[in-house]
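Common to both upcoming complexes is chain A, partnered first by chain B, then by chain C.
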Partner chain A sequence: MTGADAHTLARRDRRFGYLLTAPGLAALMLVITFPLLFALFTSFYDYTLLNPRHDDFIGGENYLEAWEEEYLAGSFWVTLKFVLASVVIEFVIGFSVALALHAVNRFKTVYYLILLAPLLINPVVVGLLWRMLLHAELGIANYVIGLFGISRVNWLGDIGVAFWTVVLVDIWHQVSFMAILLLAGLAALPREPYEAARMDGASAFRCFLHITLPLMRPVIMVALLLRLIFAIKTFDIIFIMTKGGPGTSTDLVSYFIYRAAFFGLDIGRASAMSVGLLVIVLALTTYLFRYMRSLR
Partner chain B sequence: MRRILMTIAVLALCAGAARAETIRILMETVPDTRYIQELLPQFEEQSGIDVEIEAISYIDMHSKLVPQLISPQGSYDLIVVDFYWVGEFTKAGWLMPLDDLVARDGVDVGVYVPKLMDLVGRVNGVLYMLPFYNYSMAVIYRQDLLDDPAEQAAFKEMHGMDLKVPETWDEYWKQVEFFTRDNDGDGERDFFGTVIQGQRGDCISMQWANYLYSQGGRYHDENWNPLLDSDEAIRAMQYYREAVENYSPAGSESYCFDEAFNVMAQGKAYSFVTFNILYAGFEDPESSTVAGKVGIAPNPGGGLNGGWGWAIPNSSPNKEAAWSFIKWAESPEVAKERAMLGGAPTQAPIFTDPDVVAARPYYPILGEILAGTQDFPVFTYTTEFVEEVGRELNLAATGQKPVPEAMAAAQEELRKLLVKDGKISE
Partner chain C sequence: MARITLQGITKTYGQEVVAVDAVDLEIRDGEFMVLLGPSGCGKSTTLRMIAGLEEISAGEIRIDGRVVNEVDPADRDLAVVFQNYALYPHMTVSGNLSFGLRLRGVDASEIERRINVTATMLGIEGLLGRRPRELSGGQQQRVALGRALVREPVAFLFDEPLSNLDAKLRSAMRTELIKIHRDLGRTILHVTHDQVEAMTMGERICIMRDGRVVQTGPPLEVYRRPVDTFVAGFLASPPMNLLNARIAGESGALVVDLSPVRLPVLSDREEALAPGRDSAITFGIRPEDLHAEPVPRNAAPLDVEVVAVEALGPEVVLIAALPGGEEISARLGRDFSAPPGSGVRLYADLERVHFFDAGSGRALGEK
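Here is the complex of A and B:
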């Protein structure tokens, strides 16, 4: 084969590659880039559902209005707390479960299936289900803890409790995602370093600290980032379970924006808030990504 | 491969041509929709029009409707409109006026209860909807407890008045307090005078309206000046807060009507201020342990008026077929059949129709309830108002905000929205 032949071959390969990826890229453009730009564009217009046209350019007024929203700052704060609480707890539980499962040799499939079950349930159903179980007067949860002499908990009506109830339900629903991802990472780790460490008489804990953790870092990074982004978008369980209440204690930003768009009919203002949220999420993920890479 | 594709294409074409006219309707999963579905074969046989009813839950309806209404050609031929949305939908010009069709076909719209015609029928003199069913709010209570001689004697001794269906708010509140009890003596209340549906948003907004009317309060005066910081409104909220604290089960701050319904249906409460359409559920032994023991009466001082109307969107692909469906569903015969099944009537003669009353003896009371109702403010931003005021009411109900402060905030929210809508000036 001559060099020129190889050249054309490579070019043909590349062209074939473009051809294969083109539909996917086009679809991505259509469903991600376009809506993103559309939202950005819309955020500078007085675009409402009553007058869905870009005919009234108002500059940064939507952003100003969002800034002046009395309850928006509180909503961001609740979201931050929610994201931190759910991601951290899910990581701790998820990693423990993954380590435990990694050490198990028998009935692995059974455990996998049990773990996956909540993930397969639609979030709306999860919300409805838990609302029923947590009914303060008639629910099973209070009945069961009553058997142990614990007094009734006002799961969704108490200002202090409702936030943690929502966090718990989110953990119940999403923790297996974390566990499965981390478990896959554990399964792919090489055996040799552990064997060497064993020979040197390292304890299980030291093995974990000095081998497992460093080797798992890329997987942990991906798992945390994914969950973080998902957690910020949490909407369904709030919408179904609390409507942001009691008071404002579970009013996540996503539901706040939803209300501006579909109850307030103000797509322009909702877009401005979404852009703001996007900027925050992007900054946060970039920072985290850099930070984790720097640890390597 | 190509042959298969061709076959599919040809088949699809044939299917399209062979199929009769089809109309699509978006409806809510409620009993009144079910009654329509039960009677549907009648219409399909008579008209040759196929009907596809897409029944979904309330929370999804608005966000599903709006995109279809905005587009020049939507996917729904016919829709049902909650009174919340009337201001918004008509202001946006999404609904088609029905006056010409009514005049052309000689449909008698004089049969509708005027209160409902004003709510989900005419807007500024133009007929956009025909009232489909009403969900006016009322007090559902335990008749068996009122009839119990021991309770009667105890109540008389305590308050010096007879124990009977309450006619004034004071009388009702005394009963609420009287029936709230700790029956098993464990120090925790286990029977409740009333059940609050206090979840933030629409649930609390709807129920609290009845408390407002009970105190003679209103949302606004005849010139749309908001009145939510009035003494009446503050008193109404104080009663509501008192109910959450003392007379309603734990978790009331997070209940919507379904959770609250279950408390009463499980025999754990004396009364529930709620939608009249839930009454049929209490009377059904499948969903309630108190069937045969409940009664329904007007909320003292007036309850909240509520209803749905049939409307043809301007984006409807087949307006004529949609109209023939409305004519069928609202014909005196079908309207009566729906009522016999348990539907909530909108046409005046049905409330007192002898056959209907024989099957459902409480229907004349439903007529009385409807006649005494008050309207919620219907304007372009009603949906947003429900959310904004619902937040303040819930903040007050959970004790996070003092009542007068919350009502002042609610007043300000209403004022801002009315200004935005041009109802009042800044």
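Here is the complex of A and C:
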């Protein structure tokens, strides 16, 4: 086969490839690219639900307003706290569980099933479930701690408690993701360095420090970044459990934007804020992909 | 310095699987012993039990007379070099070398001295600041070896350390290991499935099969006097030709009946073969004991048909069919050539033939 023939063949293959992916790409355009561009476009207009028309171009004013919005800054702060708290605690618990399960030989499947169960539940259902369990008057949580003589906690209504309640529910829901990802990493580690360390007389702690951690670094990074990206976008459990309250104590950015759009009816400003959030998530995702590519 | 003695060493997994079956072996002080066998024969498991990485199901391991069955691997004062190098990934070469010494509380100046000596010996002085992933396979192997050497243990255990290297590097490392053994004079147990390694490196080799020791001895002795058809067929490439045959003829004139070919049996071998007269045996002859020209000593002609001629450069391997149809190989001079299908007369060196029991495979009438 000559070079020219191979060239034509490659081109024909590529054209066929486009043909096959076209329906999928068209659907994606419709449900992702179009809304994305629409939001970007709208963010430059004074577009409200009272006047849903692109007739008042205001340039970067929506962005400027959002930037100066005090409540948005507060919401960012809550989000940062939420993301850090849940991801760090999930990592610590997830890694401990992964290490423990890695050492277990019997009933592994049973543990896996138990671990996977929360992940299989829809986030809205998780929110509803916990809202009932944690109900201040009727919830089973307060009943159980009451048996031990501990006074009732207003899990979702107390301004100091609600934030941590939401963090805990998020951990309950997402920790298995971390554990399973890390467990897969542990299972893929080579056995020999540990044996070399045993011959060298290293303790279990030193093995962990000098072998497990450095070898697990790529998996840990990917797990943390993935969870970080997901956590920043958290919306469902807030929507179901607290609606950002009490006060603004659980008002995550995604919920703040939702309120601006559907309670404030100011679609233009909400669009500007979502574009901002998108840029942050996109930056993290780009970093994640760069990092994963550098591993190869 | 250490003498390692294995007595009835057994490793079982669960009820059924016996990986190592009552192995007796003595590795003498300062000896280079090679444990050779096909994969799954239990040789690595044996090494790992000596190292303490694998529990011993039965039997006793002694180092210099002391039973070490229950001794922690770190306290046996042995060093292992693993097939996959097993370096500590985030430590520099120098960190890898010193890790075991630091854990043992050796003082800093002594550690530095040993690292320098070892690095110079292995030619890795220039790599001390690098991390394992910045090294080639061959360099990693040297560091792994260095990590064992700096410890100055009483004995070294090598678990197929050369099998991940390319052919050229492997042969260079073979020479290097022999040199290191000569310089240090320490006991070495080297596990391998490569018979060239075993033949060239070992002072003695121990051949294992299905968890048992088949034969132990100096390489040439094992080569010349294999105790059974397994050893005969395992050592050397191409391996010994093993043919179904019968012992026939009268006392004083026994013959090997390869139907239809018959080869005379030399008189000094008759005594051992006489009881087996008229019974089936396995007849063995190494490819290099078949010649294209008559040899000065006792030889018998053997007419064969050429199947293929493999010219390797320094020699030619002839694959040929006996009149009965069985194929044999012969190593001939580099100038030999013959077209496939043609007839060739070979000469079998009758002083170097082997007889094995057809049932058990055990050697018969070895001198």
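Following the convention adopted for this analysis, the second predicted complex is superposed on the first by the 231 of 296 C-alpha atoms of A that agree within 3 Å, B and C clash if a C-alpha of one lies under 4 Å from a C-alpha of the other, contacts with A are read in each partner's own complex, and residues count from 1 in each chain.
By definition in this document, a residue touches a chain if its C-beta (ideal position, glycine included) is under 8 Å from a C-beta of that chain, and two chains touch if they have at least 3 such contacts.
Keep in mind that what you see is a predicted model, and the values were worked out from it rather than measured.
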{"item": "Combined model on chain A: chain C and chain B, fit or clash", "value": "fit"}
{"item": "Touched partner set for A:P193, first chain B, second chain C, both or neither", "value": "second"}
{"item": "Which superposed partner A:A202 touches (first chain B, second chain C, both, neither)", "value": "second"}
{"item": "First (chain B), second (chain C), both or neither touched by A:R259", "value": "first"}
{"item": "First (chain B), second (chain C), both or neither touched by A:K233", "value": "neither"}
{"item": "Greater residue coverage of chain A in the superposed arrangement, chain B or chain C", "value": "B"}
{"item": "Touching partner for A:H102 - first (chain B), second (chain C), both, neither", "value": "neither"}
{"item": "Partner chain in contact with A:H210 - chain B first, chain C second, else both or neither", "value": "second"}
{"item": "Distance of closest approach, chain C and chain B, by C-alpha atoms in Å", "value": "50"}
{"item": "Residues of chain A that lie at the interface with chain B and also at the interface with chain C", "value": "none"}
{"item": "Chain B to chain A touching residues, read off their complex", "value": "59, 62-63, 66, 70, 88, 91-92, 188, 198-201, 203, 249-255, 259, 262-263, 266, 268, 380-381, 383-384, 386-387, 390-391, 394-395, 398, 400-401"}
{"item": "Residue numbers on chain A that touch chain C, as the complex places them", "value": "190, 192-193, 195-202, 206, 210-211, 214-215"}
{"item": "Partner chain B, residues of chain A touching it in the complex", "value": "49-52, 71, 131, 135-138, 151-152, 154-159, 162, 239-240, 242-248, 259, 262-265"}
{"item": "Touching residues (chain side chain C, partner chain A) in the complex", "value": "51-53, 72-75, 78-80, 82-91, 99-100, 103-104, 147, 151"}
